[in-house]
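Listed after this line are the structures, all set down as structure tokens.
What follows is a pair of complexes built around subunit A, which joins subunit B in one and subunit C in the other.
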Partner chain A sequence: MAVSVAAKARDVVGQNVHKVDGPALVCGKPLFTLDMDVPGALVGKILHSPHAHAMIEAIDTSAAEAIPGVACILHFGNVPRIPHTTAGQGWPEPSPYDTVLFDRKVRYVGDRVAAVAATSEEAADEALRKIRVEYKVLPAVLSVDEALAPGAPVIHDEPDAEGIYDAQRNIAAAVDIPVGDVDRALAESPVTAEATCEIPYLQHTPIEPHCVIAYFDEDGRLVIRTSTQVPFHVRRIVARVLALPMSRIRVVKPRIGGGFGAKQEIILEPVAGALALRTGRPVRIAYTREEEFVASRTRHPMRVTVKLGAGRDGTLRAIDMEALSNTGAYGTHSLTVLSNVGSKTLPLYNKARHLRFHGKAVYTNLPVAGAYRGYGATQGYFALEVAMDILAEKLGLDPLELRQRNHIRVGETSPIFEKIGEGREGKAQIVRSCALPECLRIGAERIGWKRNRGRRRREGPWAYGVGMACAMQGSGITGIDMGAATIVMNEDGSFRLLVGATDLGTGSDTVLAQIAAEALGVSVDKVLVYSSDTDFTPFDVGAYASSTTYVSGLAVLKAAEDVRRQILDVAAAALEEAPEDLELSQGAVRSVRSGRAVTLADVGHRATYVVDQHQIAATASCVAPESPPPFAAFFCEVAVDTETGLVRVERFVAVADCGVAIHPKQAEGQLEGAVVQGIGHALYEEMLFSGRGRCVNPSFFDYKIPSALDVPEVEAILVPSEEPTGPFGAKSIAEVGINGPLPAISNAIYDAVGIRLTRAPFTPERVLSALRSRTG
Partner chain B sequence: MKIYFELNGVPQYPEVEPGESLLQLLRRLGMKSVKEGCGTGDCGACTVLVDGRAVRSCIAFAARAQGKRIITLEGLGTVNDPHPLQEAFLDAGAVQCGFCTPGMILVAYELLSRHPDPTPEEVRTAIVGNLCRCTGYRKIVDAVMLAAEWKREGRWR
Partner chain C sequence: MHTTGLAEIVRPRDLAEAVRLAAEGGEPLAGGTDLFVRLRKGVERPPFLVYIGDLPELRRISVGESKVEIGAAATHAEILASPAAARLPILRLALEAIASPAIRAMGTLGGNLANASPAGDGLIPLYLLGARVNLVGPDGERALAVEEFVLGPGKTALRPGEVIRSLDLPFPEGAPRAYFRKVGRRRALIIAIASLGALLWLRDGTIERARLALGSVAPTVVRPREVEQALVGRPLAPDALADLVEALSAATRPISDLRASAGYRRTVAGRLLLDLACTISPGG
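Our next item is the complex of A and B:
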């Protein structure tokens, strides 16, 4: 589907314009959720469970309620029980309804027991201390293996849960998708390789923790101002949980301080809403950093095993991938993250004809896993790309060449696209753009692959090595994700662009403004963007699944083309020429025949005040027609201190094909940021738990994310391709970058010192013990 | 307790609560650029300049402001007249979500007032206590280098 305007030279697309929200952000304007002072707002706080698994026998709030300033305390005894999922996904929701606002049973240390609203922080804190809860402690399940053991305690034994795969066995979701006969193909492959890789509990750590303000507007409607990636899903789920008509709720997303998937969850909004409704007063809730770690969401910890079978020439014949996912106490995103482990990885090596993806997502009495950038693909690529490295060695083939022989190319497809979708079947698609060959070539050159690999360079205790990995992702969820946009022309020839799409710091407001500006022949400052407000912007699923540039971008383009036609009609009347002879660019409509022109300001003025008066405007929607994958190749050089086990990433080159980058600098920024998060996953990050399931390192002091000195200057290189279905040739970039660092660094460590690190993070202790067991 | 200090050049005489943090005080006075990312001194989002030195306001008592000159991001420039550092952050694409940005810019401001010609490594060292989860730091370093260049060219006020 080539777009008519796409073929022309581009004035705005591809330009590094200032972010539309940038000036206000660099000046510290009060743009974020909690920057708004709501007079009379109560402070909301949550009482978290101290036990991993327990029944509440009794709860006594009388002492807490007697504290001056305490307005309301909610708990299972005074709030209706409405099973729902906190996953902010489209309808019908693929995640099980296994959560209620407050339950009699608590399922992890940090689970919600009660919520307090008070006139001051101090009163709220004191109330939390004075709520008396009697627990009957139950045996807890603190690992997936324990959860699956026969006779294990059942975590979700409530009768009203829906959509759990097998509650009695603690299995939230299960998937088994065979293509061909993988067992036979593996048995008959002359060369095989296998890797099992494991990822621990990882937290997104947006620098702004979850926060929300709920208040009432002049008409008594509930307004929820919240740090979310999914305002429209917030509205739908809050309406369900609070049993309010959707029309009584308005959700506003202001600027938000990062999300990375953590804010694709509806956690605080219904609590704040319930407290506000009960008290009739505004309520604000702000998670502390500790709460953000323990009681928001995490990446799904996972153990993934990949078995590869290949011919002696290095052509893959079979890939068997098995994932065991820990979804924690609730099953939010359990099925879809699990499915993505296979669906976003296996198509990359489509030369393999026999495939199987199977796995389970299992409940445990640990924090709740949810969406996290990469969404399962990150876990899958870790194992897949380490297995590819092992296979290359067995074949005596350069790992780079092994990838080159097997990766998918333009015009090709994979049965996986059709077999695995978003918790159901997917849709067949052909890859229409793929610059992975170029990405591989450029990356290898930049890192000096041929020169540096297998050299085992040493300098004192430091051993150097290089490693690589490839990855793809998607651009939205085919046939499910819908985004819409409205464009309204102002009488001075500027435009208002209203989108439900949600900019979480990614720069999507800017990208969408660029798409509109390009199609309307104006500069970006002529497009005023208003986004993410359920009262004023059209629907959009929100920011997840790398969808915004592609799906919402296509909606914006469609709306802009409609508006453009309307402008040409007005201009045609004004110039007394045929619309076909007119061209819109640089703020004016010109006749290619006579050379006469009218400015957009003239057009806007004419339509508003002069002749045939009407509002020039259009609304358009787009449902993801396909999900074109962005591709990336990752190369890194590491130094391993053989005495201490310390690993340093010396250089990291990430080369990505995101189609046409609408805003190259922002696209690079996405890639750089994702890679650095991935380096954090590989080297530092891990939530640790006590024997009773309590997280022992819920702070930036103890859970280390990369600082400016921990990471090298990531070389992010964009290799353009032209995605024919995308807006101006674009596809996504937000997630793909996080899939590379884990395997690339593991493979580089192998190149440096000959040990395979398969359990993240690669801490000095783990590296040392692997070094010792190799020599010992 | 009533204290006196200068906030972005304007005298202030606020009443402060015992135990109130400087972060709480400044936000209460309308300086919403002062962000709370952790409240424990570990992320740098709450950084402000106290007599020209970068201070984490979440772990400083409000009373510490007594007699001091405090600068928050609001005091550097405005949307219509941004400070070159603010301009440089825009040009370099150093802002993603922007939540770490106030702290980053103020730490950079302190660095460049001491040391107008830093190496990228020195910039990284200066911002080591300011966490950014979005950018991977590269473009933040670029921005500070760009602002330093402008400063040496005399383009700062």
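Our next item is the complex of A and C:
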């Protein structure tokens, strides 16, 4: 549902046009990575470490190599050692170079020991079983506290790693950013509140697991068709790891079955590439669901403590936020996720003058954490918004009002924007659009906030309560993220839009086509989108940091405006009028002076064949000028079964300001999907580990995500604002929605039964034990 | 060499042939919702499978004078849509709690029983109603009470070559009230952490007779008969039952696993008695 404001009249932007890839997807056309059959492709499989921490003393592949059909086995002994990071991020890369393709040391159960290529699944499986590895098992570090303890085993003791904050103490990254004097401000604040909240290992669970096919084109160049969010970073990192010139690699991104950040990682591509190079044959690799859980990436488990200080009137004076992040065995995204815990949360309450954000990302012998929708903000908001609820209670203030008094507004700023960036300083910015006041008002109304809060309504054993939270995110990474677009006019007046931007199921191809169509005065079906192929589409950092609509969208808009100028020039010559007197809309160029018109088909034909022949086309780039935050308010009603501890979300209302929604239905879908994923975090999801670091629930049988039958009534409401720096007023929507459910549900449980759940997920067992320890 | 892929599936013409094939070592296959999970895990490798899911003799559901007879291969969805479910509310409540519509369209009551999981939701009404299990094997037919049929987790009294033909569910006397609740983290597709089913005969708000069955808290479904006895004569109200919570917990022998600890299972099993008292209103 979208709240309507007097929006500018637009033909395409703001319309729920058909998804450009919808029909093919609905018809089950072969669009995904593995839908393409490359004849003669070998099956690649990976041997994973059974130990959390061990040295490989010896590896014997002779029996495995003797199996008919086995073409190649790679391991540390026959592959060059090139330290790199698997994080698909901009340059310079902010994550440490602490990973090699195959190492002599394994650092978690699931770490890569060897890779096999064979002519059949069976032969590959048998080869995995017959590779003999002798391990010297080392003491394992299975928690951040163990990792930081003096004398703890050192996980990254290899001499060639680069960029680790303090390898000897297992600290991958650390930050400490003070603004003002937070300790003093806290001590002097008449009212203070504190919360420590914890998030466990969580997996993205994209329906399509990581998969890739590597093959050679006619010229012997390596083509990598892969399920990725970051095709250009794949090319750069594969070139590094395989020591190939970048020009010998082409990366193709077909349709993607979801990523949520897990595919902002370069995991299988270099392995498939290495196997293909070694054998000279195509190689395909697909993770099983178990591998997806254990050996792809996860959210960073984190413990975040927030201390708030406020005046008696409820004005915040100080916020101290400390994060202890578990990055697992490798430090991919360790610094940047950690930084975002503070940078995406603290500016929301800019009335506080004294701030401190500090934390560490710590290595453990557990699966590797990486990017995950929300990117640290989710962890930060859990603690911040629970602490706000506690503070409101201490102040005797409605939690809604506490937010209203303290949140950032249009024209305001926060020192944090400048202090914390992507692992370095950020950029100062002013908030130019913010409909959070409206979001709060509408959300409160929809949930019946005044009516339902603090009632402790009971029905038998069921207790009811309501809770709320706020959040913001960003739109791209200021000054770092670059997206480019090429628009080429066809002679019939249609356009090709080539973007490096990466639609991974989000619908960004449709949104970008809408932006181009709006600027070119045509309907969306006249814009043929192609994304993304490093040979044919211009550079784009890819789909992360909520950047595509804003950054890539601005690039598309710039390219479209350039093409539009070229069209007007051709039309001006054809009509013998001045370009300033011409207007482009509905597929034709019309003179406002004479009323005469030429169609776009006429323009295309003329430019291609008639006079002054040339290709009407433009390429434009955009570097995120700012990172305007989308805002959201979350409200929910829960029912808590006081006999069993079961929590049911009865209703969830998420109200977001993403600027102008280019495609409202898709934007609502992003918001709703993020909320559902967040409900999974709050109530169901948790990877569990044995005493030796083995994940014991790596399947949908034992790791539950919300299914269609579990999803409560979710109302996703968009409140438009007009972001002046965005394409047609747009900001991002992809991530912000996942930040609300954890704190909103925790706060609602408190409203219902008076207990604070601070460790996710809020399982029946945890809730019941909290209820029992309260009653004594 | 054949290391992956599933075993061959044989389709018998009738029940007699199914029994003969089972006697040759074939494992009966009904909906496959348990069996295929096990086969994929590679925990067992039967030489071949005997598909009994479309034998008409095994799919019939007939409502008689004193009982309902349900063919072993009738699916949960078919049973729920049949008059049998309308006549036996406890059966309906339990089967509605199984998995999801898709799984209920494939899974069968016979398969649920043969699988003999203590978490099998369909077993609860069988225990409460005192169902009999009709078997047919190479040596002819026999019938067992459900409590004799289920021996332990995954263990039954089925002899080699024997197939469950049908289940007899006698109508209880009078009009007992039915209750079923399973506790799990989410709503759909969840294996119970603990469950309680009950039949209560009430008069003027007082319990005249009670049958209880607990799931997922012991190696098999449990009938806590002492608690059933102790309920007699009490008013149906949470306060009046509070002192039996401990006794009901004591009737369990739970394990700890990924889904919950033994302690939680024990506690919650007992507390479900209070939920029952709240859920069933003594009047209507």
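Please note the rule applied: the second predicted complex is superposed on the first by the 768 of 776 C-alpha atoms of A that agree within 3 Å, B and C clash if a C-alpha of one lies under 4 Å from a C-alpha of the other, contacts with A are read in each partner's own complex, and residues count from 1 in each chain.
One rule holds in what follows: a contact is a pair of C-beta atoms (placed from the backbone, for glycine too) under 8 Å apart; a residue touches a chain by one contact, two chains touch by 3 or more.
If you're wondering where the values come from, they're calculated on a predicted model, not measured in any experiment.
Within the superposed three-chain model, A:G483 lies out of touch with both subunit B and subunit C [touch as defined at top]. By the touch criterion defined above, A:T763 lies against subunit C but remains apart from subunit B after alignment on the C-alpha atoms of chain A. By the touch criterion defined above, A:A708 reaches both subunit B and subunit C. Judged by the touch definition given at the top, the superposed model places A:G376 against neither subunit B nor subunit C.
Ranking subunit B and subunit C by residues of subunit A touched puts B first. In the superposition on chain A, A:G460 makes contact with subunit C only, while subunit B stays out of contact range. Applying the stated contact rule after C-alpha superposition, one finds that A:G328 touches neither subunit B nor subunit C.
Within the superposed three-chain model, A:P630 lies out of touch with both subunit B and subunit C [touch as defined at top]. In the superposition on the C-alpha atoms of chain A, the part of subunit A touched by subunit B in one complex and by subunit C in the other spans residues 701, 706-709.
Of all residues in subunit A, only 121-122, 125-126, 460-461, 641, 643-646, 683-684, 688, 696-697, 701-702, 704, 706-710, 761, 763-765, 768-769 touch subunit C in the complex they form. Put simply, subunit A touches subunit B in their complex at residues 16, 18-19, 21-32, 35, 204-209, 255-258, 260, 286, 288-289, 504-507, 665-666, 668-669, 672-677, 699-701, 705-709, 711, 713-714, 716. Residue ranges of subunit B in contact with subunit A, taken from their complex: 31-33, 35-40, 42-43, 45, 72-74, 76-79, 82, 86-87, 89-93, 95-102, 105, 120, 123-125, 127-141. Across the complex, subunit A is touched by residues 1-4, 37, 100, 183, 185-190, 193, 258-261, 264, 267-268, 271-272, 274-275, 278-279 of subunit C.
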